[in-house]
């Protein structure tokens, strides 16, 4: 059997291990995988669904970068009787009729967990800055949206001073953090970064501007190795481990079941773990 | 004309043929009507934009902002849907593209800003406006069924937009080679001063070329947003490189004055065939990049180093 | 045969040859300085933290990485090479190699090798552009794509981490409160300025950009000069990338994205024509300073990212339009 | 149009460029059916006046009347609608279109709304035949030689059936043969009642074709006179404001040993099996019809083009020249034919242009010595009386003749032993021309060997010691000055006398 896997990117800290895990597991399951990389471009992805259909794949695993745009492609796949599932990110409800399942973490939920964690760290009060990923990117939207919504939901008194985009880029995060620190100085009580890479950027900027001073509580996402180090040394407060390996494995295993004619759950999550100093030694970093 | 010169002259066709040949030999199931129709459909967006770019490059201009215009037009078409209905909104989207093109034209013709710089600036501006309008979130359209209808395949080959693409490029071919306006476009791109001295208004020609390119980017953007039922501020961020590559591979010179619509068709199809073939084989995107880059350079180098016939006046002297 | 009977009249004072309007002249020369001053004044009034040493050090540090690229890009524009779009690839080359090779050959050789390899990429573009005559946009686009693809393939598409924190400490160190990276940038700028304005290579660069065939017919090695501009830019962005890698202690293949546009923006805002034939490093850096200060003020004011892009775009277009207008009025 | 009306009346025309007052209060009146010549030194304002007439420039002040009606022309198209056509001094054609499309540029005939290519080709062929030019109407214009392009430019203006036609130095790249054909056409146009404005530095031609002559000097009109009864000497006096006795002075010099020897040189296409030698202190003329291959030969000797056969010797030793730098090292210098395209770097100052070939010698550790640079520029600005005598001025702001002096200076700074000059006085006024001849004379007196390519026979006869005539890429044996006449050169050039 051949499965077409439209991934977000093939050169990316998170996506690459997820892709590798998916492919490795597929080999074990005796499934051939055609991997197509969107390189983070939605349009490319919508076009690649065409390739999958033309290739007559037996199944499609799609890593959506947009909540709507893939729907016609998925519908066309359904017409061609190719079952599709989503990996890593969800799409809008309208897509549900065209997909068998959505496996993976929920970026929105991650935003919520980050909100809880930062709220705990600050005791429910204080001013925070949000360092977001690329504007318009699905992950950014989920992680920021979940965070903001959750704060409102629990009635937290955390005030968001500013949300700036640093495109998941350490250097850009470094630059925007410098400006944030200049602007708000000691007014920053806490930081939420959409991923650990950007959290690292803030830490570097803080060390530059205020050598010797302890960093405010910083919450990141992904659970990278160096984030673990930072948590141990107290530079970061917490991160959320989301294992790319689990992500990739779950998707292909679900697809295998579908190909075997089994019914699968519509929503199959992978575990998300909030890591703080308390449990940092007992959890494996994601990558 | 020597055989080599002929090969060079029709190099797009040669390379396209080679790609198809190699792909169908090595990739099982590549050569099929389904692949063809889906390949055409996937190249439609790039292709429609490439039509506008061909005209601009012939006029010795360039538009780096087409990707942003693409997004902006799509957003306009989707955001206005609830207020004024789908088709008027689509028209508004196309007009937004035309307006973006007119703005580029204004900068480059009236304010004399070099096209490369002007459209670099508007690339930022239009993209910012797109983010601004949508608050950096994708906007869903009102009717998902329309999207499904639009991606239907007719006569086993064409979708609406791939038919539109192929039709337009044939029209463009006719326009460029046969009409006075088309020939004047070449004149302006080749030597604007001479064209002006002969009573052609290069400013107007260039301005209209920008509007044309903007409009087509708008059409592509509207079609994209209708078929995906989404207007997103991040759409089209990566397409400029592919568009320029397709047009240049098709033999249009970036220095103006030379180019052809059929060449662009060949270029677009070549790139689509190449990508599809490599995707069929699950070639990593970065390797695909290397291959695409090599082909682009190879073709341009060929164009430079092998000339069709001696470039001397013997070719120009009337025989007999 | 008679001797030559005609002597040309020596009309030094011929009123037919006057200079251009002095006001227009001043504006076209000093416009940027005035603009920078305006931003400084506005910034100081608008934000209490703007006019502080800390903020300026920030601006300088943020400027250093792209500034090094700007120095190279100036050569490309002056020589009539339009633009070097392979900068993201050469930056990635510099960043990734300087980290990846550290465990293999040690930090200093890795640093040098990274820059050298970036320079080699520039040589490829240079050969295509200077010797084969390929349009620079196409050539650098193609070479950039290829190089970036190879770099990604080489590291398997993931992040490379640094293994030697001492090197990071070194580039992050300060001399009299000025970050080392800023000093490196200044050194590159000074060398670049000297080469462009005082050396024969620089004069050749200007001449080649001003009139290629005339320079060729004047025994200027035009091909080499044109190629050289791209090698210089690649070396600069290789250096930039290596420094970036060392500061971040991590490098992804896409670290360099966007730097080509930032660099071109700075050079163009500095009033250097994309058609080539004139320009100087200080002008380009003044353009960079202006853009950076303006961005800084906007960030300190809490202006949203899309709006910043909007302002920046208008600024580029406006600056160039103004420059064109002044130049025409000035008759130059 | 009424036959009685005056074709053109320009009154009080002034035009100011930033820094230059190009025209001040010029009046010009031209009648239908007459050839009106305009003469004047370089930079006198002839081209500017015509660009005002053709709508390229708006005058600062002044009025224009065409056929008795006052008109205001804002762009070239306006002038063309009024029947004014101009053949520009600088070629103004579209290289990427065909010859026929160029001829009909801006007014292509239509058939069913489309460009009627067949009609264009047919008519173009007819007009080109009339001009005696064997050019394929379907050829790409960019593939033609400069002189062929010049003919196309003339055909283009003529084909538009203008009421007033302006020819700004149309013969500067034409041979005598083609000039004769052009004059036939001009006479025919005259008969058709067309008003012809003819600008030229070749006073002999002016006397031959013109009915009236207007003289410009320093942007002002000096006089308009009937051509009958005016002599060349008179015109020169009015143009330069002083007496000139000999336009082609010949300075005596001692001719020594051969310096440059060209043996069987060829590039397989433009020129073949060319052999000649130049001796120190000698001016060797290289002449021939348009497209004879002289420029390509010179470019090959200088390393700008590639020769595929034969060899070059300097001072008896064979040298390989693959680049201008190699040519310079061998002691060869070349002043190119096309000043605007190959001669000057417009964005640089006169000083920076002059020192360009020798920059490296003026440098230490890569740094250019400013004092040496200035000294060099000052020396040539004085020696050649470049006007204005300001080495820091941008070279693009100089008039054509002065630019040419800067280009020659540039090469003298490299102190070559052989200097090749390709049409050094093309489009240069009499004053500057004599000046350039004086400079050349001094150089050969100093022992330099000079090869001078020129299409102007009086110049060749007046200045050169020996002359090589080229025809169709082949060179005839050199002929001594004493044995030469214009008739003999023409016979060699057209193949009437075998080489």
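Just so it is clear, A, B, C and D label the chains in written order, and each chain counts residues from 1 on its own.
Here is the rule we go by: contacts are C-beta pairs under 8 Å (C-beta built on N, C-alpha and C of every residue); 3 or more make two chains touch, one makes a residue touch a chain.
Composition by chain, UniProt nomenclature: B, C = ABC transporter permease; D = Sugar ABC transporter ATP-binding protein.
Please read these numbers as outputs of a predicted model, since none were measured by experiment.
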Query: What's the overlap between the neighbours of chain A and those of chain B?
result: C
Message: Count the C-beta contact pairs for B-C and for B-D, then tell me which is higher.
response: B-C
- line: Distance in whole angstrom between the CA centres of chain B and chain C is 30
- line: For the pair chain B and chain D, the C-alpha centroid-to-centroid distance in angstrom is 43
Message: Rounded to a whole Å, what is the gap between the Cα centroids of chain A and chain C?
response: 35
Query: In whole angstrom, how far does the Cα centroid of chain A sit from the Cα centroid of chain D?
result: 71
Field: Junction residues of chain A - those touching two or more other chains
entry: 9-11, 135, 165
Field: Residue list for chain B, restricted to those that touch at least two other chains
entry: 131, 136, 284, 286
Message: I need the residues of chain C touching at least two other chains; which ones are they?
response: 152, 157, 253, 305-306
- prompt: Which chains touch, pair by pair?
  reply: A-B, A-C, B-C, B-D, C-D
- line: Within their complex, chain A touches chain B through residues 9-11, 33-37, 39, 41-44, 46-48, 50-51, 53-56, 66-73, 75-76, 92, 94, 134-137, 140-141, 165
- request: Would you pull the chain A residues touching chain C in the complex into a rising list?
  value: 9-13, 16-17, 135, 162, 164-165, 169-171, 174-176, 178-179, 182-183, 185, 197, 200, 204, 208-209, 226
Chain B contact footprint on chain D (complex, rising order): 54, 56, 75-77, 80-81, 86, 88, 92-97, 99, 101, 105-108, 110, 113-115, 125, 134-137, 139-140, 143-145, 148, 156, 269-270, 291
Message: Using the touch definition from the top, list the residues of chain C that touch chain D in their complex.
response: 1-12, 14-21, 194-195, 198-201, 203-204, 206-207, 209-211, 213-221, 277-278, 329-332
Query: Along chain D, where are the residues that touch chain C in the complex?
result: 17-22, 218-219, 240, 242-246, 249-252, 302, 304, 323-325, 327-328, 334, 336, 341-348, 352, 356-357, 359-360, 362-363, 366-368, 385, 387-389, 394, 397, 410, 414, 431-432, 434-435, 437-438, 441
